[in-house]
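Labels A, B, C, D, E and F are assigned to the chains in the order they are written; within every chain, residues are numbered from 1.
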Amino acid sequence: MDTMGIQALTSPVILFFVLGLLAAFARSDLEIPEAIAKGMSLYLMAAIGLKGGIEVAESGLDGTVLAALAAGIAAGFIMPIYAFWVLKGFGRLDRLNAGAVAAHYGSISVVTFVTAVEIYTIQGNPPQGYMVAVMASMESPAILAGLLLARGLGSDGGQSKKELLHEVLLNPSVVLLLGAFAIGMIAGPSGFSDVKPFFDGLFKGILCLFLLDMGLIAARRILDARSLTWRLVAIALVLPLINGAIGTALGVGIGLDVGSAAALGVLCASASYIAVPAAMRLAMPEADPGIYLTMSLSITFPFNVLVNIGLIGALAATLSGSGAVSP
Amino acid sequence: MIETVIRKRIEILADQAQVKRVTAIIDTVGITGWTVLPVTSGKGREGRWREERVMGTDKNLIVTIASEDNASALAEALSPILTSHGLLLTMWNVEVIRGERF
Amino acid sequence: MIETVIRKRIEILADQAQVKRVTAIIDTVGITGWTVLPVTSGKGREGRWREERVMGTDKNLIVTIASEDNASALAEALSPILTSHGLLLTMWNVEVIRGERF
Amino acid sequence: MDTMGIQALTSPVILFFVLGLLAAFARSDLEIPEAIAKGMSLYLMAAIGLKGGIEVAESGLDGTVLAALAAGIAAGFIMPIYAFWVLKGFGRLDRLNAGAVAAHYGSISVVTFVTAVEIYTIQGNPPQGYMVAVMASMESPAILAGLLLARGLGSDGGQSKKELLHEVLLNPSVVLLLGAFAIGMIAGPSGFSDVKPFFDGLFKGILCLFLLDMGLIAARRILDARSLTWRLVAIALVLPLINGAIGTALGVGIGLDVGSAAALGVLCASASYIAVPAAMRLAMPEADPGIYLTMSLSITFPFNVLVNIGLIGALAATLSGSGAVSP
Amino acid sequence: MIETVIRKRIEILADQAQVKRVTAIIDTVGITGWTVLPVTSGKGREGRWREERVMGTDKNLIVTIASEDNASALAEALSPILTSHGLLLTMWNVEVIRGERF
Amino acid sequence: MDTMGIQALTSPVILFFVLGLLAAFARSDLEIPEAIAKGMSLYLMAAIGLKGGIEVAESGLDGTVLAALAAGIAAGFIMPIYAFWVLKGFGRLDRLNAGAVAAHYGSISVVTFVTAVEIYTIQGNPPQGYMVAVMASMESPAILAGLLLARGLGSDGGQSKKELLHEVLLNPSVVLLLGAFAIGMIAGPSGFSDVKPFFDGLFKGILCLFLLDMGLIAARRILDARSLTWRLVAIALVLPLINGAIGTALGVGIGLDVGSAAALGVLCASASYIAVPAAMRLAMPEADPGIYLTMSLSITFPFNVLVNIGLIGALAATLSGSGAVSP
């Protein structure tokens, strides 16, 4: 791995995540109050939405953006389908749990995306601001796909179709991300300047503490895990590799710059652990969070942060025909 | 001495995401009120959980005071989803003042 | 086998602002202790509320273990303000160890 | 409305409030942990107190300040009286609830004030630092007036007079505002420089998230409202107009600059939803928060933020003889 | 009507630092699960405390549903440390659905 | 006291602490949510660890550092021993409570240290970054010493030796302090720059609010105190004087600069109220927090912050042969 890759791994953001993993594996009682963790996750979503909206207000929108949006949404519907069959076949999950897990892998992880943006920016390939809108639009399709795969088009046991659609489309993450994105577009760079010290200045520091907490939670889930088989672990490692490669190729194919193509790859590779678990607990309470959360948060998330983001960045650079990761 | 009457106290442990559904059922069977308490961690046959609000895996305890009849109606109404939705229900008799309210 | 004795467990749901008053009354009737639990939302005849700490509209559950006599004294002492102050009181018998403490 | 007015409405602070309103009306589950919301309200009070104190340490105090303090306190005692009669007569409230609501409208809302300061500053008319002291001194008089109106001078059912006075004078908002104000005056600009990134740099950003939460809570209260009649809604809209106009005229009359006169108008127009509800729950638990909180938070607060602050600013400019709102 | 069976509900108030020890004992006596609720303040013979999480002086309420036998075993197992570790234990009978789980 | 001393006492950090004390003594209900307070304490530990690590990454390590570490650890083992005898003898505590209190005074208070660093920096004598490592290494030895003093080498009533050692060595404060310190050393100044606005810019402001809360809690504990005798109050005032003087002399003796020697003095003088109480509740639940927390938090902590930090600074300057406190 080149200097830039090492620089990324020695960034405080990654190191705090590793600290969290180590502390929990060593069974230290270190713990961040849940209200604080929740507050930090809301802050991160508001800030990333706002920053994306402001960049778009500056740069304007063009055809590439529409292509990226379409690619993201299509991937969100298609990825769960093959994930579902792999989970049922190789993974030996029942239909319900396979659908729930598939929804997680088709959707996206805001924090994985944010970490990737930090890393690609350090490497000199900052993704475009509109990728935030792509991210937001990829949250929900996979939830719908996962529900259909798990339950078919039939009845869903008491939960009305309308309620479900409402929940999926208006889930808090989507509302906050898109709302903040719209605010950023309306307020623009001049309106942003007053709130910049908060939403921009603090961003990486808060990301550090949030990743410390995610490290703690991810490791504790592994230690408590009961339902995890080696087959599921394998899927949680291989699926992000495949999805990431497909997403990156797709991004390069539709003409995105290196950073944005890599970001699309990371969105495809990442598995949700905030928005989708909440939706699953509502829509499929019978599915086992010991499976879907442990896979997405405890295996795929660390794997993406520590390894896959780097691989995807390199792939994007190669496919774009620039051998070097940075200028 | 203050007069008290006997009512049922029902406590239901439910996922955060199921609270709306459970309280809607309480309203449906005609019980006048309910109260929700936070819960921070637990262990059951499906393993250990912690209040992970970020992931929405936290739980709540829903408490409701009802007449014997309403309590039975509630238990009946909840029973189809008890297992599938991972609810835990306990109930017992309590004395209340101003019994006409429940 | 461990010996247990029967005591009353009294639980009072009260506005955050009324907790001091209620616990002062518990102290006054001679009960040795109490414990306060947080509560996050509820519905009653006066409608729905949520824990809105900023506005001070949150509630608490005050739990106290007492002898039968002290429990009656407490119910008696609270009854004048039960309705006006929106308190909800339930009580029932519990077994405790080291009963001389209560 | 001129450019400045539009600029104010497209500021992120206002837009996040609107996002909160919209999200709650659309019944999204977006929600900010209460501990975080409470923490943000304490931060805002400490920061506004501190900044006011530092400005006064810089500018010194003169006769105008005393006049402004006297005007504010007098308004705090008098406004509840006519509000009480309107609420009992036109509003058809009983004595108790009329007194409770009157207390809210006679007192002030810190966040409305803070929002107005942001907007008037954007418009080129920053209110003076001592207006923070005026604000703090206006919190309590209306509580006393409201209690007297509701209960008369007689017994108050178990709560001793002394306890009540204690609560009213030492309520947390007043203590924190005045305490931070005093700290600002003692520490002065040089002492402030070290804590400025926190108390000043973050101010608007935290105000954004706090207003997001207030938008959510205000809209949810409206959706749950039971006790609200059209008569009460009308009062919640008209009272701030009248009180705002009186306060602004008073401010111009005693010789305040445009921004400070408008700020006095906003203080009179605003209705408390932090300090007074807490005091009422203690002193008048029989009064219905479904009335007083819904009126002050769900109707008057959005009306002030979205409409009335602009009107009052324009009125202050007109009365001060400067046609233009900004230089 | 739904069939219910009688089980013991045991509630143990314990320091935050003792929760792990208490739940380990619950596991040891063979009870299938437990749930922890937060507690914000209290008063006892050793005076008043408040939830001071920074200092670790906060407490928790551990709730567990068990058969009569398991409940006795738990009370027995906890009794040596009840006083020294400042635990408060109450228990009573409750009706549960799906009694085979407990 | 000279100008610098007065400047320290009028710094917002100290003034917010005094505000907390006053508000609680006046029985105001002002209160900071516990989740926020806990979050602030974690922030302070992460930030101080990180900053220490970065300073060491810049300055490198030499023999002085090892001497300082050795001095700190030795003091951590020895101070509890004489404290124990004084507490049993003059203080009339039983063995158990004497051991628990001794552990607190042998260990350190992060916030006292941080406040001292702020003050000595204002006075022109900033302690070296490696003192953070000294601090972290002084947290645990006194816990071990206190346990041995209280219980001897025998059985400890159900808690296994291994578990206890685990808790003492991996207690959350130590893990976070040392972890952040290591992150600071790895990331270095360049890695730090992105997170500096959060971990450095906000530091003093958050310290203000945290000290406000500590003031509130310290004063409320005094008001509720039952088990406190005048003998224990005397010990809580005299022990920090003695320990502070010994620590300062030790620091000057091993050749530390004025600021670092004073910081070592403050570490010795300070009594833990975060890490050690938590450890005692686990390992010695029979000991009375009404004694150990009230002594360390309500008496020693304010005494150190308001008086003793100043005295120790002056002593360090005198012993170092520089009459003036600052250049």
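Operating definition for what follows: a residue touches a chain if its C-beta (ideal position, glycine included) is under 8 Å from a C-beta of that chain, and two chains touch if they have at least 3 such contacts.
Keep in mind the model is a prediction, meaning the values are calculated, not measured.
Asker: Just how many steps, at minimum, does a route from chain B to chain F need if it may pass only between touching chains?
Answerer: When the steps are counted carefully, the minimum from chain B to chain F is 2.
Asker: Compute the shortest path length in steps from chain A to chain C over the network of touching chains.
Answerer: Contact-graph shortest path, chain A to chain C, evaluates to 2.
Asker: Name the chain whose C-alpha centroid is farthest from the C-alpha centroid of chain C.
Answerer: Farthest chain from chain C, going by C-alpha centroids: A.
Asker: Taking mean CA positions as centres, which chain lies farthest from chain E?
Answerer: D
Asker: When the centre of a chain is set as the mean of its C-alpha atoms, what distance in Å lies between chain A and chain F?
Answerer: 40
Asker: Averaging over Cα atoms per chain, report the distance between chain D and chain E in Å.
Answerer: Centre-to-centre distance between chain D and chain E: 46 Å.
Asker: List the centre-to-centre spacing of chain B and chain E in whole Å, with centres computed as mean CA coordinates.
Answerer: Comparing mean C-alpha positions, chain E is 19 Å from chain B.
Asker: Multi-chain contacts only, two chains or more: what residues does chain D have there?
Answerer: Within chain D, the residues that touch at least two other chains are 33-36, 38, 197, 201-202.
Asker: Would you mind listing the residues of chain C that make contact with two or more other chains?
Answerer: Residue numbers touching two or more other chains: 37-38, 53, 92.
Asker: Which two-chain combinations qualify as touching?
Answerer: Touching chain pairs, listed by label, are A-B, A-D, A-F, B-C, B-E, C-D, C-E, D-F, E-F.
Asker: Spell out the part of chain E that touches chain C in their complex, as residue ranges.
Answerer: 13, 37-45, 59, 61, 72, 75-76, 79, 82-83, 88-92
Asker: Show which residues of chain F lie in contact with chain D when the two form their complex.
Answerer: Going by the criterion above, the answer is residues 7, 10-13, 15-16, 19, 22-23, 26-36, 197, 201-202, 204-206, 208-209, 212.
Asker: Where on chain E is chain B touching in the complex?
Answerer: 1-2, 4, 7, 9, 23, 27, 32-38, 60, 65, 92-98, 101
Asker: Which residues of chain B touch chain A in their complex?
Answerer: 15-18, 21, 46-58, 80-81, 84-86
Asker: List the residues on chain A that touch chain B in their complex, please.
Answerer: Residues in contact with chain B: 34-35, 37-38, 41, 157-159, 213, 217, 220, 224-227, 273-274, 277-278, 281-282, 285-286, 288-290, 293, 297.
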